[in-house]
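Heads up: the structure comes next, in structure tokens.
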Amino acid sequence: MKLWAYNILQAALLIGLSPLAAAVLRKLKALLQNRRGPGPLQTYRDLVKLFNKEPVLPDRASWIFRLAPYVVFAVTALSAAIVPVILVHTPLSAVADVITLVGLLAMARFFTALAAMDLGTAFGGMGASREMTFAALAEPAMLMSVFILSLAAQSTNLSTVTDTMLNADLGLRPSLAFALTAMALVAIAETGRIPVDNPATHLELTMVHEAMVLEYSGRYLALIEWANQIKLMLFATLLINLFVPWGIAMEATAVNMAFAASAWLLKLLALFVALTLMETWMAKMRIFRVPEYLGLAFLLAILGMLTHFILEVVI
Amino acid sequence: MISAELLKQLLSLAAALFLLTAFALLAQRHMHALLRWFAVQGVLLAATTALVAYAANVHELYISAFLALVLKGLLVPWLLWRIVIRLGAHREVESLVNIFATMLIGAALVLFAYYVSLPIQELSFVVTRNIIAIALACVLIGMLIMITRRKAITQVVGFLALENALFFTATAATYGMPLVVEIGVAFDVLIAALIFGVFFFQIRSTFDSLDLKHLEVER
Amino acid sequence: MNNALLLLSGPALALSASAATPLFARDRRVQIWALCSLLALSGVATAVSGMAGLLSPPKTAVLPLGLPRMPMHLRLDALAGFFQVVIGFSVVSAAVYSVGYLRPMAKDRSLTPLGVFLSLFVLGMQGVTLANDAYTFMVFWELMSVTSYFLVVFEHENEANRKAGFLYLLMAHLGGLLILGGFAVLYAAERSFEFDVMRAAELSPLWASMAFLLAGFGFGMKAGVVPLHAWLPEAHPVAPSNASALMSGVMIKVAIFGFLRVVWDLVGLEQGAWWWGGVVLAAGSSSSVSGILLALQQHDLKRLLAYSSVENIGIIVIGLGLAMIFSHFEYQDLAALGIVASLYHTLNHSLFKGLLFMGAGAVLHGAHNRDMEQMGGLIRRMPYTAALFLVGCVSISALPPFNGFVSEWLTFQAALMAPKLTGTILSALIPFSAAMLALAGALAATCFVKVFGVVFQGTPRSRSAAESHEVDRWMLSGMAIPALLCVLLGVFPVWVIRLIDAVPIALIQTSLGGLIAEGGWLWLTPIAPERASYSPLIVMAVSLSAGFAAFFMYRRGRPVRRAPIWSCGHPNLNPRMQYTATSFSQPLRHIFSNIYRPLEKSLRVDHGHILQVKQVRYSVHVQDLAWNYLYAPVRQFTAWATQAVDWLHARRIHGHLALIFATLLILMSLLV
Amino acid sequence: MSLFDLLLGIPLLSGVVMALINRSPIAARLNIAAGFLTFVVALALAFQVLEQGSILAHEQAFFLDPYNVFLVSLTAFVAATTAIFSRTYMLHEEEIGRVTASNLRLYHAMFQLFIFGMLLALTTNNLGVLWIALELATLATVLLVSLYRTPAAISAAWKYFILCGVGIALALFGTILIFSTSSETLGHGNDALTWTLLYKNAENLTPQVITIAFVFLMVGYGTKVGLVPMHAWLPDAHGEGPTPISAVLSGLLLNVALYALVRCKTLVDGATHGDLAGKLMMGFGMLSLVVASMALHRQRDIKRMYSFSSIEHMGLMTFSFGIGTPLANFAALLHMTVHSLVKSGIFFTVGHAAQGMKTQNMIGIRGLIRLQPGIGWGLLLGTIAIAGFPPFGVFASEFLLMTAALQSYPWTICLLLPSLVVAFAGLFRHVQPMVFGVPPEEVRAVRVNMLPVYIHLGLALVLGLAIPGFLADWYHNAADLLHRGAQ
């Protein structure tokens, strides 16, 4: 029972801190670009404001348009709850394993795309089409890369995987390198960062995710924005806890958990710095470079899989 | 009563003559000559039959000899003759392959027939494999005539020559078929000839020519 | 309960339905009622007997029909039982649906042939599952093919129907003959047509592989495994929707049944060669990916669904292939996992594909159109259909917590056990197929976003779409049954798997039940709890609660205001500005252009100046490579050969005489 | 007055009588009556055989054994139903003036004569008489083929006459050769051609002679069976003759010719202890199957097309008899039965269809189901039956056939399967447009009598679902009988 509480706690932590993370990321970027940029709490203010604003629905919107934000938020929140953040072994991670995680994200995407198609605007269709196209390549890459880990850990359960990565000495495994690279590439694509998509822009013919949510406003927009921030946090946490899990708490004592939390935040910060550096350094790529980029990720993942089978399977 | 040896020689002679007539048919250029030779073949057939009948005194064979004489030697040639006259069919026998070539082919067929019948050992004291060989050759030559001649009538003659060859085999290679069969076959041949007649008129009335190339109707 | 009664009630009812249809031909309303009620009863009876087959030991019966000294042997075992359940569900829903579907059709044409052949078609499928000797099997199999052909050509005034029907019957015939060949091989071993004897028969490896290949190709042709799938996308679109629901939902599964029966049950995997599983796995992977890739590019709704059936058959076959590989290397428990996964997907696909085809029928019925480019915005005119259709779309896209996800999850779990087989090339092949499966799943989601978005959302693209109307309650309830089952099967997988478990027990004497039960009914733990576990019910509960939390948090917030669409300040959109089916799939067409070989035609009319465009027409046709490289050559060869034969018949009489003559001479020179 | 006399007497007598009647309606009725009488007698004989086994009659001039008795009753049956069909059909032909009353007189007389010829061929115990009977059957039908007096009809008849004449002549040569060796042991009388005796002393026949003889018999009777490459007469004769004649040619004459061929085969097997004859038949059968199945694709005339399908099926039977195992023989006999039933049924339908559409050209035949559902469904079901779909009997026989082939000569499957599919494609690509779609405007329904068609299809259906025990025993006995020759 206690574990359930901790589980919900860490999920709440992730969900609660995700706007902050987004803000931090934005701030870092601003600093690198010699701007002052908005403060770290700006995102919270935005959310609150959006929640309280009067929501305006296009008159032709159907019930799916109204339903979608809730679905998106709900499944994203659930996936946040199954990822080990500070505790390795949490009850919910048994409820849904990594395949389910990918499935849940796909569910969110599915409804976002439907909502975008709902109004019959050119932008909506364009966004949905591109999003689903990229997802069709990103999702298998993601699955493959986590499969490499779960083959090493002989489990698809996130806790078990983290556990193995933490404790079992897997030695130096080339397949893990492949997995890491692939997953990083996918994460960038899935969270819509540069060079795949630019979260800061609107009204560009190159935009993908933003194009889908143009018509949203008020609490609906708030939910979707929040869900995106959670998603960003989620992928960051996944990368961290799957590949460099040290510091994460094996058993639920206060000390361990405090230490784990701080370690997690530090690693997040490091990751974000790296990400901002990259984003300022790179330019957004043309839309039809993206498939090649994702194809590369998919290929890397499969290669990792094969190297695992050829080099690493112990008889 | 003649000796078996003599009979054997006589039969071989008859066979040789028969082959000769077959070649004669193959060689003919004129319709009337063709029919004449056909009649000759019929008579020769009857003679052979009678010979065998006498030698082995099988009295049924006299009947079939008589049938052969009447049908093959007289009736059928006469019928054909009448038809040729009535239809005023062209006198020339037109061949698809030139006569000389057909003669060569005929010779080759004789060789082939001999080769085919080599493995047959002696069947009875009268019948030799040579007779079977020659009979076979005549059958093949009959078909050759049918294949190479263009006119309907010549084709029929070839057909009847083939029939003759069969009868020859039946008598010379055996003591003749059982009477039932002989009569039945003769009867069939007669009907066949009649139907030929009917046909000629049908063909003539629809195509006003007996040239078979008119019979190729596009389908 | 009496065996014969249990086995025969379903078929008997179907037969009586086919008999009743012409009897009531006078009043078509009565006719529809008679047909549908009898069919529904037959479906129920089939499902019941199927349950009996799954839960109780095999039952047999013998009918005094068939070849001399060989009566018809029937047998109801677990395998047959499972597929009877599949058939039963689909038949019931299709029957209910038909009540509403047939009524408008009855206005302008006689339904008698449709009714007769539909019932006989059902009879055929039931019979195939029950058959216990080769002759009975083949009779019912071909009955199934022929009657479904008649369903395809039911509206035979249209050229398309006739073409499709011809192609279908041709391939069905070829497939049937191949299967026949397979049975002949089995017969040669023990000189008996009875399955019981065939099971016991010992085959030499060569003959076993021969039987495997013959049966594999034969059944693959019916199941629509790439590249033998050519008939599906032609036949399913033109058939009446209730028929195509059954054909795509059930008939192609009966082919899977046939494969299991012949290769697993009769030939027996223990006689199998190592490469069997590999071949099956490769076939499955290729059909799953190429099927969905082609589906993505269609804009005829039913054609798209047909291609998606190819994909799903691919997924099922992948499961089978994994199971065969594992079982060949003596990992029977993993083989059981594989077979359960593929059977689960079989059941799922029969449900949601039936639902989707019936939905397509409803759309056809409401908007009088099959072309997605002419639809749009139907969700406003036909909300219930839309909702039910959405369930189908979500399920087929393998999204949790719906049923499609469960079976794909199980398949992945099976694939992830590949490390167990060390030192074979197969262990390297399996990751590839897993990747293909993942790709197919993701593409399926894309495909069905396109379907739902283009058909039901946006604004109407044609008058017929704008004037569409909701369908009657019969059709809706016909679709509601599978929709409900989709959700239930997604949320309570354990109970279903406990039922299915009888099949692996029957086929490879291994049970999965123990492992499944380990986690209790709430937890799906196919191998071991620490290895992998999934609890859809909790997933559903948590996500629902999160959603409701988010909802109620701001329920008392400001009320929603309806306003004209913003669309970046371009409010007066017309329907032609929205994305079409073709444009939606354009990026993928671009990415996979070397697979699609798209043939683009664009026509541009302008007033003299290039910038003053009057109109632009654009159309693109995507090629199915199987046509270019398999079917077209065969057709050309046949044409050439027949021409050669024709030349032979154009001879004159002398020529024919010469032929006889030559034959004679040749024979003599040969024989003497 | 034994049943034999009745069996042969009725057709002969009625043939003669009908040559004298020139009121065609009466003749047609009489035709039917005669057909049915014959059929009844045949049935009676059949049951007699069923009870007391083989019968010999008139000091073994005639005989019935399990092999030919069912062919006798089949022949009589198809003859009777064809008579029913031909009444409706030929009277319509007379109405539209395609044939004159005198032609009809000839037609009816020759029809019965033809039946007589075939019953004689089936029941005689003498190879010579068998030959005569077959020749008679040919001669009887020749003038019927040219009944319409059109150029096409006459040239077809001429082809038929010449090719079959030559063929049958070759068969006679073969018979003579057999006689020449058998007379060594059996004397010069009828005995030397009596099949039962020959069958007993097959041992003493000279193998070399028998071999040559069989070559001639194969080519000769093969011509009448319509085996490729001796088949050229068959499509023309079927295409141009009146449809009832096409029906009996396909349904009966070919069977009887094959019957003769198989009789000779058993002798050869007995004499040469090899499977030479079998191999020959298999070769010819396969060739015919392949060629015919391809030829089906290129036909324009509906009757020609179905005649090619007959060649195809004859090829199948010959192939199966060639294999010669009991199972194969069983399959072949069953196939013979169902093929005659279904094929003649199809020809009945085709006749009516051609009358309704006023053309035999398949381009002109459209929308039969719309125009006359009876004809349309009849043609469609018939075609599906002949293509070997269950639950029709053809499926059963092809099922057994394929099994037999796979047992003895597995590799033949590689040819068998594709050609069956090609054949089906060729048949169906033409049939589908004819039965479906909408009919041309100018045509209107004609008076038809579908009863025979449905009887035939019904019987084929029964044979597919459940073969009656006594029939099965028949087949089995026959199959064993034929097989014993090979030992």
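Annotations for the structure displayed:
Each chain carries a letter (A, B, C and D) given by its place in the written order, and its residues are counted from 1.
Just so it is clear, a contact is a pair of C-beta atoms (placed from the backbone, for glycine too) under 8 Å apart; a residue touches a chain by one contact, two chains touch by 3 or more.
Predicted model only: the values in this text are computed from it and were never measured.
Note on connectivity: the fewest steps through touching chains from subunit A to subunit D is 2. Listed by label, the chains that touch subunit C and also subunit D are B.
The pair with more inter-chain C-beta contacts, choosing from A-C and B-C, is A-C.
The most central chain, judged by C-alpha centres against the centre of all protein C-alpha atoms, is C. Farthest chain from subunit D, judged by C-alpha centroids: A. As a whole-number value, the distance joining the C-alpha centres of subunit A and subunit C reads 35 Å. Averaged C-alpha coordinates put the centre of subunit A at 100 Å from the centre of subunit B. For the pair subunit B and subunit C, the distance between C-alpha centroids works out to 70 Å. Centroid to centroid, with C-alpha atoms defining each point, subunit B and subunit D lie 31 Å apart.
Residues of subunit D in contact with at least two other chains: 158-159, 162, 166, 170, 208, 212.
Of all residues in subunit A, none touches 2 or more other chains.
Of all residues in subunit B, those that touch two or more other chains are 116-117, 119, 143, 146, 212, 215-216. All chain pairs that touch, listed by label, are A-C, B-C, B-D, C-D. Within the complex formed with subunit D, the residues of subunit B that make contact are 58, 116-117, 119-121, 123-124, 127, 132, 135-136, 139, 143, 146, 152, 155, 159, 162-163, 165-166, 169-170, 173-178, 180-181, 184-185, 187-188, 191-192, 195, 198-199, 202-203, 206-207, 212, 214-217, 219.
Chain contact summary for the complex, subunit C toward subunit D: residues 64-69, 135, 138-139, 142-143, 145-146, 153, 156-157, 162, 165-166, 169-170, 173-174, 177-178, 180-181, 183-185, 187-188, 638-639, 641-646, 648-649, 651, 653, 656-657, 659-660, 663-664, 667-668, 671-672. Residues of subunit D that touch subunit B in their complex: 126, 128-129, 131-132, 135-136, 139, 142-143, 146, 149-152, 154-159, 161-162, 165-166, 169-170, 172-173, 176-177, 179-181, 183-184, 188-190, 192-193, 206, 208-209, 212, 236, 239, 300-301, 304.
Contact residues of subunit B toward subunit C in the complex are 96, 112, 115-119, 140, 143-144, 146-148, 150, 212-213, 215-216. Subunit A contributes residues 51-60, 62-64, 69-71, 73-75, 77-78, 81, 92, 94-97, 99-100, 103-104, 106-107, 109-110, 113-114, 116-126, 128-130, 132-133, 135-140, 143-144, 147, 150-151, 154-157, 160, 203, 214-215, 218-219, 223, 288, 291, 295, 298, 301-302, 305-306, 309-310, 313, 315 to its touches with subunit C in the complex.
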